[in-house]
Amino acid sequence: MDIKIQIRQLSVSYNGTPALRSITLDIYKNCITGFMGPAGSGKSTLITLINRMIDFEEGVRYDGEIRIDGINVLDPAVDVVALRRRIGMVFAVPLPLPRSIFDNIAYGPRLKGITNMTDLYAIVEDSLKKAFLFDEVKDRLMTSAMKLSGGQQQRLCLARTLALQPDIILLDEPCSGLDPISTAKIEEALSELKKDYTIILVSNNTKQIARTSDYAAFFYMGELIEFGETPRIFTNPSQKKTEDYIQGKFG
Amino acid sequence: MRLPPRFVNTLVALLLDLVALGTVGILVVIVCVIVVKGIAYIDLNFLFTYPEDMGRHGGVFPSLIGTIFLVALSICFATPLGLGTAIYLTEYTKETMMTKTIRFGVESLAGIPSILYGLFGFIFFVIKLKMGWSLISGALTLTIMILPTIIRTSEEAIKAVPRSLRIVSHSLGATLWETTLKVVLPCAAPGILTGIMLSIGRAVGETAAVIFTMGSSLRLPTSLFDSGRTLAVHFYILAREGISMEKAYATALVLVVSILAVNILAYYIMHKVIAKYS
Amino acid sequence: MAVVTFMRVVGAAIICLLISAACGNQTSSQVVYRRHVVTIAGSTSVMPFTEKLAEHFMIEHPNFIINVQSGGSTAGIQACLNRTVDIGMSSRELKHEEKSLTEIIICYDGIAVIVNPENPIRALSLQQIRDIFAGVLTNWKALGWIDRRIDAVTREEGSGTRSAFEELVMHGAAIDDGIMVQDSNGSVKEVVATDPYAIGYVSLGMVDTRVVALHVDYVRPSVETILARQYKIVRPFLYLINGTPSGPAQQFITYVLSKDGQKILEREGLIPVYAKK
Amino acid sequence: MPKNRAVLIDQIIKQTMRICAFSSLFFLFLIFLFILIEGLPLFYRVGVGNIIAGFKWAPTKGAFGIFPMIVSSFLVTIGALILGAPLGLACAVYLAEYAGKKKKLFLKPALELLAGIPSVVYGFLGVIYIVPLIRTYCGGSGFSLLAAAIVLGVMILPTVISISYDALMSVPRTYREGSLAMGATKWQTTYRVVIPAASSGILASFILGMGRAIGETMAVIMVAGNALRIPGSILDPLRTLTSNIALELAYASGDHRLGLFSTGVVLLIIIMILNYLANFVIRQKVIK
């Protein structure tokens, strides 16, 4: 299987306090890689580095390499705007923009310069279908996205990300505020999407990682404790800490 | 003798109630006096005919148009500048010595009394730049005068836009400007509009800065370099020179009602926004 | 959605305004092209009469625009000196260094000393008036009325009426600092009309039923007494031109000095030039 | 990866915004520059003392003393504060502590609308109603320190109210709850806890109110009588720095005009000091 993202000796600190220590990790193409770990373990920090959203934090220093298709995205010369158009991101809280469903999803394509309404509609429809939301909203695409339920909003955010036609999708605890049914719908969507995309799912819900991911990584206190194929991690972890975490002894 | 605290408490509550109502009463009385005394002399004719005999007879049409032109021009100049400043201060830069200096400048401008704006506009635009007493001199002077209001309200409005929306926009590959234009400004629009409305109110009612920069010609200004007399200046001259009390009250009515309408609309929009975010 | 609409509306409104402003300018410049414009500025005393003359003149000559600005005699003289106006208006004589301008006397104006109609006093001597404005006489009792402070009102520094009054009445004595100051004929009249204890001085042409003009040294101020050279507080109203006037300006001046123009001034209570001669 | 067009546009816009942001400073600089250029030569020629401490203002005769106007400006301002400050503070306290939500919703904008009424309208109503009242019941011409103080007292209310209100509202809830829990009545809480805690903001509101009063022009011209002497009583007319400029600017030329700009310089300095003081007072609290 191809490696999509290579993380090499990556260290990050916030105002001098280390958040990630010398992480080395490979993310495979067309797979769901789950990042798990207790709060403050550095898993969210890691994904914000991949699309350089970390630039909006203050007092951050990082060191090391993240290579996507061989190009180091931590290089200061990298065009972050183009980078972010290749890497979609879904946040922990559903964050629709205060405009219509259609405009939310068309936001990314429009930034790319697509203005033709037929093209835009095709992209919107396609993205909504992939996020399993189209049937629920097809009659009210022009109504405000704020009126959707939490679960719908989160799928809208997923669809909005898909509309960018990215290679990689980063999901930062996307189901933390959702009910089990909404969660199931998103997980269903993800398992379909991995055919076309490389997905990184951050979650502190170990069961979700077990259900959905192909590979799993366990972070603790800024260190990568263990990484491997999900079934192995969950059935036969090589580290004591991993086992304790999976069994719910802390976290 | 010491009064029992509970009694004092009730007394004070009552007293404060009266004081607050009394103060609002001042506003009500002012508006009522103007409306009651002015309403009899005002009709469409008054608004759309030319004044005769220094304003003793006839209407206020040139002043009305002069006021609209003056205010529209100064808003057109001040809004991009003020909005640009607010965007720069909130979106494009971090708190540094420089932003502190800019904020100090804005605060200082806000504190300068209008007569000094008049003095400055007179010497700079009218005399040094040889624009004469004209619409353009008045508009440029007012632009500087209302700039702080627009900057401060816009800044407040922009700051109130949740950070998360910006983050989302950036994550979708928008540049800082695209984010500002497509996400931040639309969300902040009502607040910015409130600032513009308040500035309009201020500009319409201004006299001291206008009279020395735009002059007081009663003619209809037909070019940027024509002198003109705004409603506020016209009212000042009518009232002060005792030309016609009827016309003065009628002009005051137009002035006060339009300013109050703009202000009330501004507060209404602001209130809507507050209701939306909370 | 609503916000976006808002922005669009605001944007559209601003664009419309800009376009209309731009169009407005264009049409006006075309109009100006065909019309003759005469700019006149100066003394607030002369201005109302010039306004009136201009109104009549423009009815007869619709292709003329006469722009009348106040500003005061000194400002009018200055504006005329640096040629920012076609005609300057002055209600005081030119000083030595201003003599390069050509003076045209358009009429004569008496300065009336006015009191409120409630005031029973109808006559004062020049000396008494001088004492009042010099701050020597401060109570109406000394003049035979009630025991009440005299609220004298004067004009501000730079006013032509004030300098004429200083010359004709004060004879070099200084006007007291404690006296109220108003900045136009109209506002002086307004104070006198509303305050029963006030006394002030304005252009004779401004006197109407709301105030009473006092007899000075037993002479009633009027066109007749001025013509008979009995009423002494008189000054000329001047138009000033710098060099040769433009055609339109000359045309307006000719109109002002014509029988028609002079009649208008006479009706306003001023003394026409031909009568004085 | 090369920088794309959007990023370039972003840079251009950033520079444009920066220019906008500096425009305020530029305008402030221009205002200072031109008022000082016009105003300072006379200080140099006539002497600072002869202007600031001179008693005689007769610019056409070479006397440029504005001491009576400086004094008058402060007298009017203090008068306005005596009337406006307690009233404004009372309204702010009422709004912040006593008014119900519904009442507040109506009262706060209504009080702020007072700021929207043009100063000429205040002046006009002052001339029509307050001046004759003073003339009839107190004596004098009515055009007086008292009339100006009353009109300005009303005019500074919105400033005093809104800034005091903000200061009162920023007092933490826990202060009030602590006091009320100890059995204090609402008034005792307000008087002994909330107002002292908000005192710096309230003081700042008074200072900014002073700034507003000292800078007001048209209303003052209309009601103050504009005499050149320091008033001997509150019923005497007086002329402030602002009205001196506005009364004579249109007429002035040569040294007379320079004299008015000198008046402007003095006014500008006073205003700057007041603004700085208000800022200082507010910041003082933050540091604490």
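Order of writing sets the labels: A, B, C and D. Residues in every chain begin at 1.
To be clear about the criterion, a contact is a pair of C-beta atoms (placed from the backbone, for glycine too) under 8 Å apart; a residue touches a chain by one contact, two chains touch by 3 or more.
Note that the structure is predicted; figures quoted are calculated from it, not measured.
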Co-neighbours of chain D and chain B - touch as defined: A, C
Chain nearest the overall C-alpha centroid of the shown protein atoms: B
Reference chain B; chain at largest CA-centroid distance: A
Contact-richer chain pair [B-C vs A-D]: B-C
Whole-Å separation of chain centres (CA-atom averages), chain B against chain C: 33
Interchain centroid distance [CA atoms averaged], chain A/chain D, Å: 55
Averaged-CA centre spacing for the pair chain B and chain A, given as whole angstrom: 48
Averaged-CA centre spacing for the pair chain C and chain A, given as whole angstrom: 80
Where chain B touches two or more other chains at once, by residue number: 175, 178, 186-187, 240
Junction residues of chain C - those touching two or more other chains: 3-4, 70
Per-residue overlap in chain D, given as positions that touch at least 2 other chains: 6-7, 127, 250
Chain A residues touching chain D - in the complex, by the definition given at the top: 71, 77-79, 81-83, 111
List of chain B residues in touch with chain C within their complex: 52-54, 69, 72-73, 75-76, 79, 132-133, 185-187, 189-190, 193, 196, 215-219, 222-224, 226-227, 237, 240-243
Touching residues (chain side chain B, partner chain D) in the complex: 5-6, 8-9, 12-13, 15-17, 19-20, 23-24, 26-27, 30, 33-34, 80-85, 87-89, 92, 101-102, 105-109, 111-120, 122-124, 128, 144, 147-148, 151, 175-178, 198, 201-202, 204-208, 211-212, 232, 235-236, 239-240, 248, 252, 255-256, 259-260, 262-264, 267, 271
Chain D contact footprint on chain C (complex, rising order): 70-75, 77-78, 148-149, 151, 156-159, 174, 176-183, 191, 194-195, 197-198
Chain B-touching residues of chain A, taken from the complex the two chains share: 51, 53, 56, 81-85, 88-89, 91, 93, 95, 97-99, 107-108, 111-112, 157, 160-161, 164
